[in-house]
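Both complexes below contain chain A, partnered by chain B and then by chain C.
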Partner chain A sequence: MRNVAMISALCTVLAPMAHAERGADGQLNILYWQAPSTLNPYLSSGTKDLEPSSLVIEPLAGFDEKGDVFPRLAAEIPSAENGGISADLKTVTWRLKPGLKWSDGTPVTSEDVKFTADYCMNPDGGCAQLGRYEGIDRVEAPDPLTVVIHYAAPRPNPFTAFTGAQSPILQKAQFAGCMGAAASTCTDQNFRPIGTGPFRVTEFRTNDALTLEANPNYRDPAKPAFATVTVKGGGDAAGAATAVLETGEFDYAWNTQVPPDLLKSMEAAGKGRVVTAFGTLVERVEMNLSDPSPDLPETERATIKHPHPILSDERVRRALSMALDRQLLSDVGYGPTGRATCNLVPAPEVFASDNTGCIAQDSEGAMALLDQAGWVPGTDGVREKDGRKLHLLFQTSANPIRQDYQALIKQWWQNIGVSVELKVVEPAVFFGADANSPDTFIRFNADVEMFANNFDGTDPEPYLARYTCDKAPSPDTQWQGENINRYCNAEFDKLLAELGRTSGVQARGAIAKKLNDMLTKDGMVVVPLVDRGRVSAHSNALGGVVMNAWDSELWNAADWVRAR
Partner chain B sequence: MAKRVLVLILALMLLGPLLWRIDPGLLDMRARNLGPGLGHPLGTDQLGRDMLARLMAGGRVSLAVGFCASVLAVVLGTGVGVAAGWFRRLDGALMRLVDLFLALPLLPLLLLGVMLFREPLARAIGPAAGAFVLIVGAIGLTSWMQLARVVRAEVMALRGREFIVAARMVGNGSGRLIVRHLLPNIAPQIGVAASLGFASAIMTESALSFLGFGFPPDLPTWGRMLAEGVEQMQLYPARVLLPGGLILLTVLAVNALAQVKVPR
Partner chain C sequence: MGQRIVERGGLGAGTLIGRLALLLVISGVIFLLIEAAPGDPLGQVPLTLSPEVRDRMRAALGMDQPWHLRYLLWLKQLFWIEPLHWLGIDAGQRLISYQSRAPVFDVIAERLPQTLWVVGGGYLAGAALALPMGLIAGWRPGGWLDRACTGLAMLGWSLPTFLTGVLLVLIFGVWLGWLPSVYDTTLRVQGWEGLAQQARQMVMPVAVLALYNAGQLSRVLRAAMVQAAAQDYIRTARAKGMPTRVVLWHMLRNALLPVVTVVALGLPGVFGGAIITEQVFRVNGLGQLLIGAVQANDLPMVLTLTFLFGALIVLCNLVADALYRWLDPRLG
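And now, the complex of A and B:
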């Protein structure tokens, strides 16, 4: 019996090696229920477009499943140690792998890389990924294998340009006529880009289907294992999950976010597996530190002029956090695709604080803390202090899971003597940018509110920079500003400025963790609840899938094999 | 038959909570997603709330909204229709007003209403009562126009009839004529319109709650329960079938009742 197990384990390990030959595994079927509309990521910021295009065109470096940078077209990752990053953090030098070829057989050179930057940074182009090239002064190509990027100011984290599926390298010869305003008129180029990836386009029907075949010039002669790929669009998340998990029509389905019970019952059919990767999307409760009372004049309501009469006390905020059972919230709302968290920055590992103190619910402790803060139970069970009731208005957007969360949180807070009024706002209004609407999450005319947010890429600096004093929304800024809590702490601002001067992932991680703790564990300004993962499904007949939240989900499709 | 069904539903919603005393808002996380059983005759929902208690509480709200909104629409529609049909001088102006209201889209109007009045109303009479006034007002104010047109046409047809002319010749004033002779003759039409309005008000309320314009989320209504159940329909069909079936039964019963009243 033991031998059988040994042999079968051995077979599983050896199986991929047994047919390590390009195109040996036949056809691969992928389902993107939101169908790709273009294969040029510089003209679309949609995940549905980025990910299929990552099968065809590649950046210099990508992010692996842990969020670490690894070389794709580059020979190695630039660092201060290997001389790739200059001492003043203003120059980054990349070196290409020698002998790389485009799928049409022509050589890949540093001119292509330089062209890509010029293409996206062209002022007439309206490049969707311009943010990745921010701060670049100029790009030079001193020899065919070397690219030098000059930044206008020190750039502690240079891994945005040419890194990740959002900024792949385009072929200069193909796109030379597509600069600036002509970009979106180059239909043939945008629909059939020539790339260096494991596959090349055979047919693309926009918003419907994409067919690919193995790239004969791919740099690893043994890959990819699949000869042809179809990426099909259409349907919805539940239909996509069914197609992989229950009927087995497809090998891989992207974004199968359906209620946890449903996903579990589908997986029980035994045809496939659900895969999850946790990025930085965190569902959280945000505390308002300014007074949202409607008695105040419209120009002063919810501004830093008036501190919140209840929530300015850190002990009250802490008690509210202690009363929550985050594990239960995660189970109810997201099942296997969520996990309880106390961090605003839950990942990548180097930036995530080891802060788990909030996970265990402690209603007794919360009540003791409220007693200590002077809020004592009144005759109706609601706590009061100096004649004011401990009453909170709790708003969020209309969404079935958020309404379940509201009901749960209301009950827990009532148990510790807090009276809660719930409010639901239509999502388009709540997340809308209309400065005149009183119901947006930025105006924050409520005591606490709940939503989810994440940050792009792997470095949390711009994300943490939202909480500086000068970013608090007010009438003077036309109610723009990302510091919706109206948090203001000189120490925080100082530490953030230090982060902007620090390079090296470890050192940056240490500072980012401190900043995260100031907002969460120490300050209780942001009360994180659940870390929400990306979820997809693949059939049991597909091997080699490694889910990735930092780059395209199809990042390692060259390594995918038919599991027999 | 229709009457019996309606009475049964009303009795269940109004008297049921006196017998079945579980709090519809009570969450019991150890009893989530239960099927029908002794403790919970209709099972529990995804947060362990008792379905029977929620259906009864939700039914009260939905029926109250339907009733109040249709009464408001009937009063407005009949008033405008009679005035336009009886007094020739008012006809043009009132009918243009009807056209104006018919052109108003309900949703943007509600968005505006919620923005302007939700907070003052909630402060004056509490969040749930404030939302009730807002929703009933919004539905009532945007659904009286068809009735006004029907009533106007009926009044115009009646005003030339012999019995009206005769009643006027013996010296009856307009007010008395309208109340004693006109309204009783157009009552069936009003009844049908009211029942249709009742049904559509329940549906509109559910749409509004679904979009987040309606009641606070902790107040169950049939419409909200239906909307929340849709996602879990495959696993727990009862969450959709129960509130949906009750809406269907109520609407059918009310419509059937109105049909009976129309003289054949």
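And now, the complex of A and C:
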């Protein structure tokens, strides 16, 4: 009797580990409440599009949950040691795994890889992932398994092209007629790409639902465990969390970002669990270093011609940062899926500065600093200097958490004698690039603004490069430019150029940390608040989920199994 | 109101041309409104994309063209290229959605079935519920049946669908687990089992919409019945001792006039979808398509959908006029 019990206990333990055969686990239900619009990531850059597409099409290499590059279609990761990266950092050689097949049974060759680069780099195609192919002079395919990328200048971090869910390999035979201006007409190709991934498309309904089946030509004959997959869209984040955690109708729900206490009570139903992973998404307050006054002519308003009358003083910016309780902001807005941070680049570890000085709130110190800067309390409690009130316009996009943050921050700033006016802008307008709209975050017709941003992949160089003098938006550039603070520091520009010439992760990390500190703890131009994690939910009946903030969340779906 | 529509003129060729001109004006106004509204189709693109890449994407979508050229192109695509395409003739670039780069009409065709099933079902069920409710309530105004029906109608009319929908999900989806809370649009209705599954997933969204529609319709019918009951000929008929069945029929024929107006003018709303109910149950019909397109500033999709809704409203007005003549020969 005891033996039987022991054996059955042993079986329960071993069952999930037993190697399943392809398709043995039946149907998998995934919920992306923002439904995919297309499965071609080169025509859209939304995570809602590129993550479902990562089940079908794959890059040469991906990022694992630690942010390390690992081979997918490539036999190994190119490096200086294996000769994959040339000494001058201008040539990168990839070798494909031998014997790879597309889901239609035809062989995968280096011609497909070369074609993918040509497809995205075509000037008329409007490729959304062009940034990942930046700096490429030409791509060659000397033999069916070898791809050589020639860069115009040394490329210290070559893991953008063909790496990550944003730059998967397309099949040349399928997309040959879709180059350039024809890209938009290829609906069938964009909705049903032929790939090398664990699944292939059976039906795609744009902005609604996607059905898939196991790819019979997938390189691992034992995978995937699921025979069919449905990716359903619609509803909102709370409804998605309900469908996994409460009704159990779905196995996995993407982006279940709902108030922390609600998520906790849903998880208590015991049907599933919430998974998080931290990447580089940081909610921050950005300081305007130019004068956004509406009294200035439209061509000079918020340009470097007129320095900000209040915020040009570093002491004021520092005082505003000191008055914040970041831990409270993180708890209120994101609970376990947020972390208070002082860094613009919070990860990966090698690039993250050990900068935690801002976490503790210091209102007394902030007030002392404002006194020192000459801003003294007036009769109404608002500080003033030379007849000017310390009054700030604080704008952000419409979003419940951001409005809570605005209210809290306004209170803290009022406590130190700063009068604050709040402004809320519709997200499509705020994040739009309409040069004629005065309300975009780029035009920055306010003193401070709040939003979140992150960077692709694991190397922050292009991200830090946003803050160089020449990237300040102005009428001359049709109000385009990523340096929204109008920050201009010759030292910063010099150090950034040095980063561009430096290879080796450790050395790059040291420079990146310095750049991060110049913008944050030294300069107080960017005031980071919360490091926001990705949050999704999966049912207890789904095994093998490893949350990943560096690549598609579905990056290891080939390994997912039905937990029994 | 119906009276006035009819008095405006017959249904001759002149009216039709007038209505077509009206449609053209509608399209122009919608275009200019969307053009004037702030917002950027690339507003949802991640900030990690550089401005140059955004510019290229914009150019690839044809958004760098001046507005009047884009409007003319849209007219040409809608009235020339699309009709020819359905005839099997390729006359150039079809109307393409900014979001998905798929032909706008293919997406609309894909969304139509679930919209008709659910929103149309909700409309029919609502009408079927409203007729007896309105009749019972209007037959003896002030009676307890009237008060019960009025109460139910007010409840249906005033409870917002985002409340009733979520409530139903909570009760039948989460607590009892009887019905699916997510509508499966990929379901193929084959055989009895498929039909049963389709019925199961339709129950909750259709119930939500039926309650809402029945509330409005039954109120209109009740008011019309009360008005008809006060007419001299009904009093005479009752005084002569005519059977209730006959009296009711006389009343109903007259009372149906305003109901037909409301039903016919509400029909375009069926195609317009039910934005909130579709969202709650993830039906993803035309309502969700429109709201998604508005949020993404998907100009070709928004323009085409609103134009089609406008066209349907004009068409349903024509149908309502025709029905009037049939129901009330005096208007002929």
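Convention: the second predicted complex is superposed on the first by the 478 of 564 C-alpha atoms of A that agree within 3 Å, B and C clash if a C-alpha of one lies under 4 Å from a C-alpha of the other, contacts with A are read in each partner's own complex, and residues count from 1 in each chain.
Rule of thumb we're sticking to: a contact is a pair of C-beta atoms (placed from the backbone, for glycine too) under 8 Å apart; a residue touches a chain by one contact, two chains touch by 3 or more.
Source: prediction; values computed, not measured.
When the shared chain is aligned, no partner comes close enough to touch A:41: not chain B, not chain C.
Shared-chain residue A:205: touches chain C; no touch with chain B. In the superposed model, A:348 lies in contact with neither chain B nor chain C.
In the superposition on chain A, A:123 makes contact with chain C only, while chain B stays out of contact range. By the touch criterion stated above, A:422 is placed in contact with chain B alone, chain C being left untouched. In the superposition on chain A, contact of A:224 is made with neither chain B nor chain C.
Between chain B and chain C, it is C that contacts the larger number of residues in chain A. Touch criterion not met for A:78: it reaches neither chain B nor chain C.
Of the two partner chains placed around the shared chain by superposition, chain B and chain C are both touched by A:437.
In the superposed model, A:265 lies in contact with chain B only, and not with chain C. Chain A uses residues 426-427, 429, 437, 439 to touch chain B in one structure and chain C in the other. Every residue of chain C that touches chain A in the complex is listed here, in rising order: 38-40, 42-61, 93, 96-97, 99-103, 106-107, 110-111, 169, 173-174, 177, 180-182, 184-186, 278-284, 288-289, 292, 295-297.
Interface residues of chain B, counted against chain A in their complex, comprise 25-27, 29, 32-33, 46-47, 111, 115, 119, 123, 127, 210-213, 216-218, 227-228, 231-232, 234-235.
Interface residues of chain A, counted against chain C in their complex, comprise 31, 35, 37-38, 43-47, 123-128, 130-131, 181, 183-185, 187, 190-191, 203, 205-209, 211, 230, 232-236, 239, 242-243, 246-247, 249-250, 426-434, 437, 439, 451, 453-456, 462-463, 480-482. Chain A contributes residues 258-259, 261-262, 265, 294, 328, 332, 397-398, 400, 403-404, 406-408, 410-411, 421-427, 429, 437-439, 445 to its touches with chain B in the complex.
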